[in-house]
Amino acid sequence: MRLGKVKINHYINYLVIGVMTLVLGIMSASGAGFDSSMLFLLEKIAISIILAVSLSLVVGFLGELSLGHAGFMCIGAYIGGKASALLVPSMGNGLVPLLIALVVGCAAAAVCGAIVGIPALRLRGDYLAIVTLAFGEIVKSLFLNTSEKTFGGTLGLDTPRYDKDYLFIIAFVLVLVTLAIVQNYIRSKHGRAVTAIRDNEIAARATGINVTKYKLLTFILSASLAGMAGVLYSYSNYNIQSLKFGYNYSIEILVMVVLGGMGNINGSIIAAVLITWLNTWLPTKLTGDLAVLQNLLYALVLIVIVIYNNAPKLKAFRDTYNFGALVKKFKKHDPAHINDDKAKWDVVPTKISMDEVLSVDFTPQNLGPDKKGGDK
Amino acid sequence: MEVIVSTLINGLSLGGIYAMIALGYTMVYGIAKMLNFAHGDIIMVGGYTIFVAMAANNPLLAVLAAIIVCVVLGVTIEKVAYRPLRGASPLAVLITAIGVSYLLQSLAQIVFGSAPKMVTVYEFGSVEFLGTTMQVSSLVTLAVTVVVMTVLTLFVKCTRLGRAMIAVSEDRDAAQLMGINVNGIITITFAIGSSLAALAGLFYLLKAPNVSFTMGAMPGIKAFTAAVIGGIGSIPGAMLGGILLGVVESISYKITAIAPYTDAIEFSILILILLVKPTGFLGKKRREKV
Amino acid sequence: MKRFLALALAVLMVAAMFAGCSGKKNYAANNTEYVIGVSGPLTGGAAIYGKAVQNAAQMAVDELNAAGGLNGIKFKLVAMDDKHDKTQVPTNYASLLEGGMQLSLGTVTTDPGKEFKNLAKEDNVFFLTPSASGDEIPEFDNGYQMCFADGNQGKVAAEFVSKNYAGQTIGLFYKSDDSYSKGIYDQFKANLSKDVKTVETSFSDANTTDFGTQVSTLKDCEFIFMPIYYQPATLFMTQAKSVLKADAVYYGCDGFDGIDSQEGFDINSIPQKVTMLSHFNSKATDGAAKTFIDKYVAKYGKDTLNQFGASAYDCIYALYGAMKKALDAGKEIPVTISADELCEILKEQFKGGYTYENGVTGEKITWDEKGYVDKSAIQYVIKEANQEAN
């Protein structure tokens, strides 16, 4: 769809979130005032969106599985939270310390992203997944065992909470910033290089793409955005504890990305909103022993969706019965309409075939342009 | 001296459990080429089966029941959740496995509640050894692990079925062309892996008589770590990695200053080894085909 | 487009800075009963504590209502599940407050309590927690504790040990990633006399079930201080029963409560002596405690009978007593009073030397200006050493 020269599809998410934030902001400013439960929910939703979108960068676009995303968030939350805890007493709980905390938190997470990114250059697939998982657990464990004066140890770090009447607006502005960074990155030539690496690393290398650089860059970007979410998290809580940022939380973020459709940013956003809302709403409905049903539901939905989307045998079925086909049925074909945006880089499905990934020579120097002469 | 001996023995028996789980991981990974994240939770199912079956107060019967339940469960999971994804991206398979893991955990929580249950399977008692008291169950664990490893190695090397497994793991398409039933082999692999998980569940209960719905999660992850350290796909590698990890954990808990960092230390070892030797100690190097 | 985007961001930032302030609402305006809110683990691993608090508090509320409430106005208890996870607390707190909560029992456990105390401070909601024992829970003037603070427990235990085990070596076993356990441990170490030597060992991660290394570290100790919850404690004891000396003594804090009623664990199979420091004896044979136990067991059974419930029962009566005293002093407490106003009234009472007498967990209970409780602790022997068990 085109609106003048601007492709509206590319900006629809900015528009929706921006308008929603403005409306909510004005409502809040006009004195209507939201209940705390609403404000808490909005903050959580914003944090989830940032996390899901940033993880989508690695999982959906780079095609690598990261199970330690919460670890980067943890670093952002602790480092940024510590910065704000130090600054707020002297500077007041305003925007300036918040911005400084954001910068510090993002930078710290970015550094760790680089540290994890380096093994990521040598490992692929399941190995990388396990390394990121290990990283997340290490971070969790390190912060948990700090002394009380530095990062609070088991007691958790006491962080200043930003005034809840405004924090959700800042949070959604940060969502917009995240979207701007991620979508611009993906729609640039860098983004196309990243998806090329995902689809066939060796072919990408052969065409002269600097695989090392792009993998590292994507990892760092994703990590620093997760760090930003962490800082925001520290600002929305009085006390943060690293136990929260374990493997389970990483999986929860992954579920959002998967449910949204890997490599589909808008899908991730919708899934993040939905899951976060369900997480707060379901426990009020499913009380007592029923509370477990929530996890059961998530697990089932995850399995069914992944199988449906990926099973090779269901491909024909998917092609006939999908949302797009359904819409097309109801839409008149317009011969004047030229589909000029065939290459939608942000919705390319992951299609790495089994043996490409599973038979990996782990020594990078051997990964150079094909020496055996393509037998495939 | 006493301290060293008791720490080592503890480490070895813990390592035996890790090795047992890692063997299952390594078999499945080597042949089905997938990381079965739900493997740890099969241990948990084995634990609960023993818990239920112990109502009859017959340990042997309970273990047998656990093995049967786990094998049936493992094969079913493979059929329902993993087989449709054969040929899909490994990412999809891995995420499904995570989903299965969560599914098993929440099912267990619904059926048995979230509070841990205590069950005493069998009391082996303890013996004096080099001036330290040691649990007989630790020795049993270690002995059984060694036996299982040997039998598995011989099985894979010397039987037709075992060689078929190697063939599938080397090149699935070629194996199929040679008339090997690839799906059948993978099913058998899952059955073996699951029965090992049931045994691991038993040894866990011998060590700590406690069943809970999360009991498989951490051991599962650590055992995978062990399998990777030893070189995934390699049976002696799994044994080596498991024992190494168990001993490291035991030593680390012994030293007060670093005890709280035990998990961090174990995972750091994993990252370091993968950086230095990405295929683990005994893993085979694979070439990438284009 | 980019310019538009930048402009929109700038507008939003400004809006964020100048957004108006929403005033404090009185959510209790439509109440027909006094609403008491509590957040605790009703599911998950710590559910036994949350259930105990919910049951006992409900029992106290029912009794008060049956007796006509406070000047004819009844009480209502609303309990929400936080699964012992502090991230659930903001939502729980907000829905409690928006549901008309006027006063609170805070949280059942310490970790969620750290979030709760700050939120309650923002809206000025009075809370008296039955069991969140963290030292920093009563940090603000609207928070009070019915249980002993962790630091206090550590101190009392250290005094006991310093007196009885001077010159000996004792064992210490704690959970390094749990603030309850670590809090008591830190205070215990700080207050322990120099001539008691210690052998320490710890564990982390809630899923740890194998204590082989820890048992072998402590195997020569005759006295083991274990400031941990009863579940890992039972595991430790089971694994240590044949390794440790049969006349060794386990000494726990209030986390040991419930150890003798855990399913599948027979405390008599442990040859060693098991003792704990507590304000409540669940085997009491006389006094208010006995009355409480009889009523509780008749209503909810023995499974969740523990000091958390006893403490919650006392909390409700203590709050009721304070409100009654304020009424007698001429204060008005309408049923639609806002949490904020009620908080001021209760603060005045609790600060002004309010004494709650004949409680289940203490004869004469008072609070100091920091919000810590002042009552006597008892060292309660759960099980004597029995040689024949081994």
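Going in written order, the chains are labelled A, B and C, and every chain counts its residues from 1.
We adopt the following convention: a contact is a pair of C-beta atoms (placed from the backbone, for glycine too) under 8 Å apart; a residue touches a chain by one contact, two chains touch by 3 or more.
Bear in mind the structure is a predicted one, so any value in this text is a computation, not a measurement.
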{"item": "Innermost chain by mean C-alpha position", "value": "A"}
{"item": "Chain pair with the higher count of C-beta pairs in contact (A-B, A-C)", "value": "A-B"}
{"item": "Separation of mean Cα positions, chain C and chain B [Å, integer]", "value": "39"}
{"item": "Separation of chain A from chain C, taking each centre as the mean of its C-alpha atoms, in whole Å", "value": "37"}
{"item": "Gap in Å, rounded to a whole number, between the CA centres of chain B and chain A", "value": "31"}
{"item": "Touching two or more other chains - residues of chain B", "value": "114, 217, 260, 263"}
{"item": "Junction residues of chain A - those touching two or more other chains", "value": "141, 144-145, 289, 292"}
{"item": "Interface hub residues of chain C, defined as touching at least two other chains", "value": "43, 176-177, 204"}
{"item": "Interface residues, chain B side, partner chain C - complex", "value": "3, 6-7, 10-11, 13-14, 114-120, 125-126, 132-133, 135, 138, 204, 207-210, 212, 214-215, 217-218, 249-250, 253-254, 256, 259-260, 262-263"}
{"item": "Interfacial residue positions of chain C with respect to chain B in the complex", "value": "43-45, 47-48, 176-177, 200-214, 216-217, 219, 231, 234-235, 238-239, 242-243, 262-265"}
{"item": "Interface residues, chain B side, partner chain A - complex", "value": "29, 33-35, 81, 84-92, 94-96, 98-100, 102-103, 105-107, 109-110, 113-114, 217, 221, 224-225, 228, 260-261, 263-264, 267-268, 270-271, 274-275, 278-279, 285-290"}
{"item": "Residues of chain C touching chain A in the complex", "value": "1, 5, 8-9, 11-13, 15-23, 25, 42-43, 81, 83, 85-88, 90-91, 93-95, 97-98, 111, 114-115, 118-119, 134, 136, 176-179, 182-183, 204"}
{"item": "In the complex, chain A residues that touch chain C", "value": "6, 11, 14, 18, 21-22, 25-26, 28-37, 40-41, 95, 141, 144-145, 153-156, 158, 161, 165-166, 169-170, 172-173, 176-177, 180, 237-239, 241, 243-244, 280, 283-284, 287-289, 291-292"}
